[in-house]
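In this document, chain identifiers A, B, C, D and E correspond to the written order of the chains, with residue numbering beginning at 1 in each.
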Amino acid sequence: MSANAIEIRDLRKSFGPVDIIRGVNLELRAGERHALIGPNGAGKSTLFHLISGRLRPTSGKILLHGQEIQGKPPARIVHAGLSRSFQITNIFPEMTVLENLRCAVLWKLGHRYSVLRPLGRLRDVEAECTRLLEELRLTHRRTSRADSLSYPEQRALELGLAVASGADTLLLDEPMAGMSHSETAAALELIMAVTEGRSLLMVEHDMGVIFEMADRISVLVYGEVIATGTPEEIRANPAVQEAYLGTPNAEEAA
Amino acid sequence: MGLDVLSFSILNSVLYGMLLFLLASGLTLIFSMMGVLNFAHASFFMVGAYLGYELSKDIGFFPALVLAPLIVGVLGALVERYGLRRVHRFGHLGELLFTFGLAFVIEEAVQMIWGRSSQNFGVPAALDFTAFELFGTGYPAFRVFMLVVAVAVFAGLWLLLTKTRVGLIVKASLTHPEMVSMLGHNVPMVFMAVFGVGSALAGIAGVIAGPVLVTQPSMAASLGPILFVIVVVGGLGSLSGAFIASLIIGFIQTFAVAIDLSVRDVFGWLGVSEAPTFLGPVFTDAWGVSVAQLGPVIPYLLLVVMLIFRPAGLVGKRG
Amino acid sequence: MLGIRDLEAWYGKSHILHGVTLDVRRGEIVSLLGRNGAGRSTLLKAVMGAIRTTGRVDFAGTDLVGRKPHQIAHAGIGYVPESRDVFPELTVRENLILGLKPGGEGRWSLEEIYDLFPVLRTRADTRAGALSGGEQQMLTICRTLIGDPELIMVDEPTEGLAPKMVAAIGTLLERIAARGVSILLVEQKLVIALDISHRVYVMGHGEIVFEGTPAALMQSAEVRAEWLEV
Amino acid sequence: MTMNAIETARSRPGQTLLPATLPWAAVIAVLFILPLAFPGTAMVSTLNYLGTMAIFALSYNVLLGQTGLLSLGHATFFGLGGFIATHALLGMAEAGWAFPLPLLPLIGGLGAFVLGIFGGWLASGKGGMPFAMITLGLSELVYAAAAIFPSIYGSEEGVSMDRMELGSSFGMDYGSATDIYVIVAVWFVICAAGLKYFTTTPLGLLANAVRDNAERVEFLGFSARRVRMWTYAIAAGVAGIAGSLAAINFEIITVIELGAATSTLVLLMTYIGGTRVFFGPVLGAVVIGLMKVWLSDLTPAWMLYFGLLFIFVVMVAPGGLAGILVGAGAMIRAGRLGPQLPLLAAIGGLGLLSLAGVIMLIELGYRAGLDAALGSQIRILGLPMDAHGLNSWGLAALLALGGALSIRPLLSRLETLQHRLGLKGGDPA
Amino acid sequence: ETFKFAMIDPFSGPAAMVTERIEKVLRYGVDEVNAEGGLNGEKIEILTFDNKMSPQETAIQAQKAIDAGATILQTSVSSSNTFALVDFVRKHNRRNPDHKVIVFDGASHDPAITGEKCSYYSFSWVLNAHAKTAGLAAYLKSRPDITKVFLLNAEGSSGQTSRQAFLDMVGKARPDIEWVGDDTHPLQKITDFAPYIAKIRASGAQAVITSDWGADLSLVLKAAGEGGLKAEWFTFFSTGPGAPTAIAQAGLDGLVYSVFDGDPGLPDAGLQAHEVAFRAATGISASPFPGDSSALRALVAAAQKAGSLEVDPLVAALEGSEFRTIYGAPATLRPEDHQLLTQMSVSKFAPVTGAALDEEGTGWGWHNVAVIPASEVTLPSTCKMKRP
């Protein structure tokens, strides 16, 4: 097993004539929390789509624990140990919170498409779901329909679906989007807790959050990674300031 | 196949294709814009034919060709206003099922009013002549008229869709009706108008087809499914796709008849002259199947193959 | 320009706004601040006629309460919602065209819009649903602008934007106001709002709890502590 | 918070709140009582018909309700199951094998299941409209194949059999409709229990997940296509059982049973019954089935009533009949029905008057138009009327319109009341 | 107490058009019988059951009819329903020997009903496709001018049985005929027959023989007129509803022949009187549906002869009964297979003048060109009947 959870080599993606991802090289080390920042439209979400199999790359390689996964369907990539959350909430709205989570844990517990036993009898599923509900602080909402949850609760569930699949590598796309300050703080705490011991790649615009959680940061601009480094290095990088932060103290404005 | 059969078949293909297009145009309009798979479309077509028949007795064919579609259009608009609009919020399934029920009701209502027998709806005298001669046989002017109307409808719709914003408004309203109205568009009005125009197109097709086909209560049911094939194969919501698909289906159905070929012939060329007996009568059954018999099936085969390999359809750009 | 008097509004059976009174004058940028759930977005929707409302909304001499959203839009009010309500199946250009009023282009031409956000020009024929989050935000603003409203109500326009872009939006709003368009801004990012606003309102639990200049708000620490999260 | 309230405000008839075993006990009790309560061979064979249709509708709801798939060709498997069972019976009878008749649906069901895997594999690449259209196309193809292979499908007249040819078993010779009733009832309980069980399994849950958000399922490690394919096959298998039972009951199976009309019928039954309550489709099958078999005796306009009922349900009760029942049940339990009763009774009464008016209009219309030859005098709902009389038409129109118009203010009062009682969400705008 | 006669036919859907007419003919006949005292003094009561054109539904409705006390179950529209009913009653009578019932086949003409599927309790009251083809073959012997013939038939057993019969029997009677075409088309699915007409014209056919009926027949004739095809049409069902309108509209003056048990063009005073009275009462022609009247006439005679209305004596009396059809022709019911035997008529459709009978208000009517005696259309029985 390689020391890198994800390794991206010269990845490219174009939509028709437009090149969106233009030779990205990126390493996510095993066990690190890595933030991906960049201006709007830089291609952060697109990069996530490429890694997670929602889109096929035009060229280049993506290695997950040394195994090539580029161009594979999403389900295969999940099996290989990577899972993700979405920028726009993407849960099962008409099902209860518990059912949402049950779906998410089925694969890793080996039950898959089974019809052999009813879910109620699958002890391992129940135990795992109970643990997750606890962790996500959603126990009191376990029988509520997902679309009746408040926005932060839905985001927590979104995160829960990504975490529940048991993957050791997680991609989170703006998990705090649309939250207030206090909600953001709570969400950050939650993310820190549930990603303990896993490799994490996360997109976020909130600099406060990023500098608090990230071990390393990569900056994506116009489809290229222009810098990777510790938060301090990135903050000090003039190219990053120019392309992303604007004025050096703009982050305080955020 | 002789040159005469070939040229007649081509003519017939085009004309039949155009008839199908006349019918499919309204369906495409409604389907592409409102996302409503209107199972009652063929019923509006039938109402058009009956009204055309009834009105042309009193006011003549050409006034009826204008008036009948108008009435059908108003009927369609009313259906949208008092029926579909309420169902809209339950999603597309609700709308589809609503039109399902509507088709039942219209078919019964037509029988209640006009009875179950076919109506004596003939070609109007003004168009009852031979347009031109081909290999010694005349070609009826009414069919040529049909072609002209179909092309005019195509052009008109095309203008409507490309030169106005109606299409955009409706498409956007499918997912974000409130946002569209907050941009200043009267969404309910537009929906009603679109459904009305779509129905009116079915009405035109009815008045035109009434004299050619037989005006009877089963005329809706016999044309309904093939229209869906056209709309899907053409590419959901694409007018030019529907136009091409109509022609293709016209050609398939005409040439399937013109080509005299059966399974037996094909195997005959391969030197197999008798049906193999080891699978019992199944082979003997298949032995006699001719291309003409397969004609009506080919569109469905096309439909399935298309959906499996190219779900966006012939001209559909957005999968 | 816009005068809201004693506005009450409901979502179904829940009563959200309890008598809001607020004014926006011509060419003025007015910010509406408050915590999450205070009811700011609800106020904008109430003005647009999207929910059940009582009270008065005077705009250019007429009362808008009870009118349909499209009539309100025609009266000259533009609205940029907080969720990115682009029309995902239409292209960027088609989205913009839908913003046009029947009279055609007004203060803002298509070209000018593209100049404001050049990325929209390069993506003109892309499905709006495929745009990045930030680009969708820009598109939503532009779609409203091109309809040439007299008053534009913007709900959290900087949400999900990169820091550099946030500053750009502030500048844009000032440019819009400079053309005589009034702006009612709902914003979470206090610095931007205070920076560009002429006046601010603070809302709490469906009522206006503070009204004044940005400077006055900066001075009133209690208001900020009680009604804003900073 | 999204602005497109229209998309999200879908019907939400809640899960049934009854204790889980109660409906089952009720079902089994009813199955016992029915044949005793309704003697007469025609009634029993109607019950047999309703039972098979109920199984068929339950199987359809695996697709429509549980997986969110609109199939326009489900009858294909109903019919194919019937043909497989029929040919199996004919073959075994000829070979002189002893095979207990009640187990015959096993063969039809298994055959349909295998065909369902194949069909599902073809059809389930996508959900939504493409799925609906593929199923339409596939079923038309199978239907058309019938004309090409008369030795399998037996032309228009179908294939008939004599169910007694397999001999007696379980102490029955299967000559009488009552024997068949026993078979149908047992299979009904088996299928219902099996499908109910299915909803509790991992695959059943995944089916729900695919209905809600097929894309997300892929990112949890599952293939939405496989989920669709297996549910499709299961639905096909149960439909095959229902088709076999129909073949046994009628001793004849024809291509009509696998045509579009039958597919439509099961769709109507399922939807009218209600897709979100497990036994909803059964209710739909019984109501529609009875209408189909018995209403045609009472009025020539039964198809029209059929269409109107359907439109009515789609417009006012998208949760179906079961949705209404469940809603009413919840209200009663919450003690909220009491205050509404007077209004509801008034609305119901006026509704009945209006309905009577509509029925009169329709019947008069048929007499004046289509059935004019039967004379203009007609008894409608016990009243003597005249299809050419102004009075009759006036009365009918008065009832229909008057009823409908006077209901409207009551409906809005009901709505206000429900608001007050806190029963209604959603804003009236 | 009445004698219950159940009519099990499609009363809804497209085929209801035919049922509707058959019902009128039947009710008219029953009223006549009842006016003259009914069956041995007992009135006949008609019960109607809608089988929705489905064989399965036919079985349900048959059961309902039996529960309602019907003695005779009649079905007319479509041979598939008739087969289903014959089968159902065969099993029913075996399983319920105390409650036997009789099946009347009022109009379907598949030879199998009195051939391989024949049953002691079933009776066919019209000439079947083989007999009609024999009539056609006999007529064509008098038309040596026709040598190039095109066959056009629908898929399915009814069309294909006829097609085979044309090839065999007409081929044998007229070995000089050249089959210039032999097309099978889908049943009730074609909306535009123009391609077929083009093909027929290209084949140089002088005549087309078709067993098509209903909408198919109307559409194909309309297309022929529109395409200016001058070939002659030999049909079984052009007296049926809709076809006369289509022929007149298509302007196929004298080109369409009806080869059938009879038609209003026959020069028989009784027939003319019956038609006039019937049309005055119901607005339609009685001639396309002779089965009901024949069945009733035979029934009245059989009831008298048997002196009972019980099933077994009635069946015994119906066997071999002799009566006159509405066309005024003598007819018998052959005991071996319960098949009606009578003469046939060939007529062509053309404008009529004066007081003559026109069809469907077109101003056109039937002109008889030949009467084929029963002897020429009587084929040997192939039935192996199980008698109780």
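Just so it is clear, a contact is a pair of C-beta atoms (placed from the backbone, for glycine too) under 8 Å apart; a residue touches a chain by one contact, two chains touch by 3 or more.
Keep in mind the model is a prediction, meaning the values are calculated, not measured.
In summary, the chains found to touch both subunit C and subunit D are A, B. Separation of subunit A from subunit C in touch steps, taking the shortest path, is 1.
Ranking every chain by how far its Cα centroid lies from the centroid of subunit C, the top place goes to E. On a Cα centroid basis, the chain most remote from subunit A in this structure is E.
Inter-chain contacts peak for the pair B-D. Mean C-alpha positions place subunit A and subunit E at a centre distance of 75 Å. One finds 37 Å separating the Cα centroids of subunit D and subunit E. Once the centre of each chain is set as its mean CA position, subunit B and subunit C turn out to be 46 Å apart.
Centre-to-centre spacing of subunit A and subunit D amounts to 44 Å, using the average Cα coordinate of each chain. Shown for subunit C are the residues that touch two or more other chains, namely 50, 81, 85. In subunit B, 111, 116, 175-176, 178-179, 293, 296 are the positions where the chain touches two or more neighbouring chains simultaneously.
Residue positions of subunit A with contacts to 2 or more other chains are absent.
Those residues of subunit E lying in contact with subunit D across their complex are 11-13, 24, 49-50, 52-57, 59-60, 63-64, 66-68, 78-80, 83-84, 87-88, 91, 95, 155-158, 160, 186-187, 282-283. Contact residues on subunit C toward subunit B in their complex (touch as defined above): 48, 50, 68-70, 72-74, 79, 81, 85, 87-90, 94-95, 97-101, 127, 143-144, 147. Put simply, subunit D touches subunit E in their complex at residues 40-43, 45-46, 49, 144, 147, 150, 155-158, 160, 162, 164, 175-177, 246, 250-254, 256-257, 292-293, 296-297, 300, 302-303, 373.
Contact residues of subunit D toward subunit B in the complex are 3-7, 9-11, 70, 122, 125-126, 129-130, 132-134, 136-138, 140-141, 144-145, 147-152, 260, 264, 267-268, 271, 301, 303-304, 306-311, 314-315, 318, 362, 365-366, 369-370. For subunit A in complex with subunit D, the residues that touch the partner chain are 52, 54, 73-75, 78-79, 83-84, 90-95, 99, 102-104, 106-108, 111-120, 122, 145, 147, 151, 161, 165.
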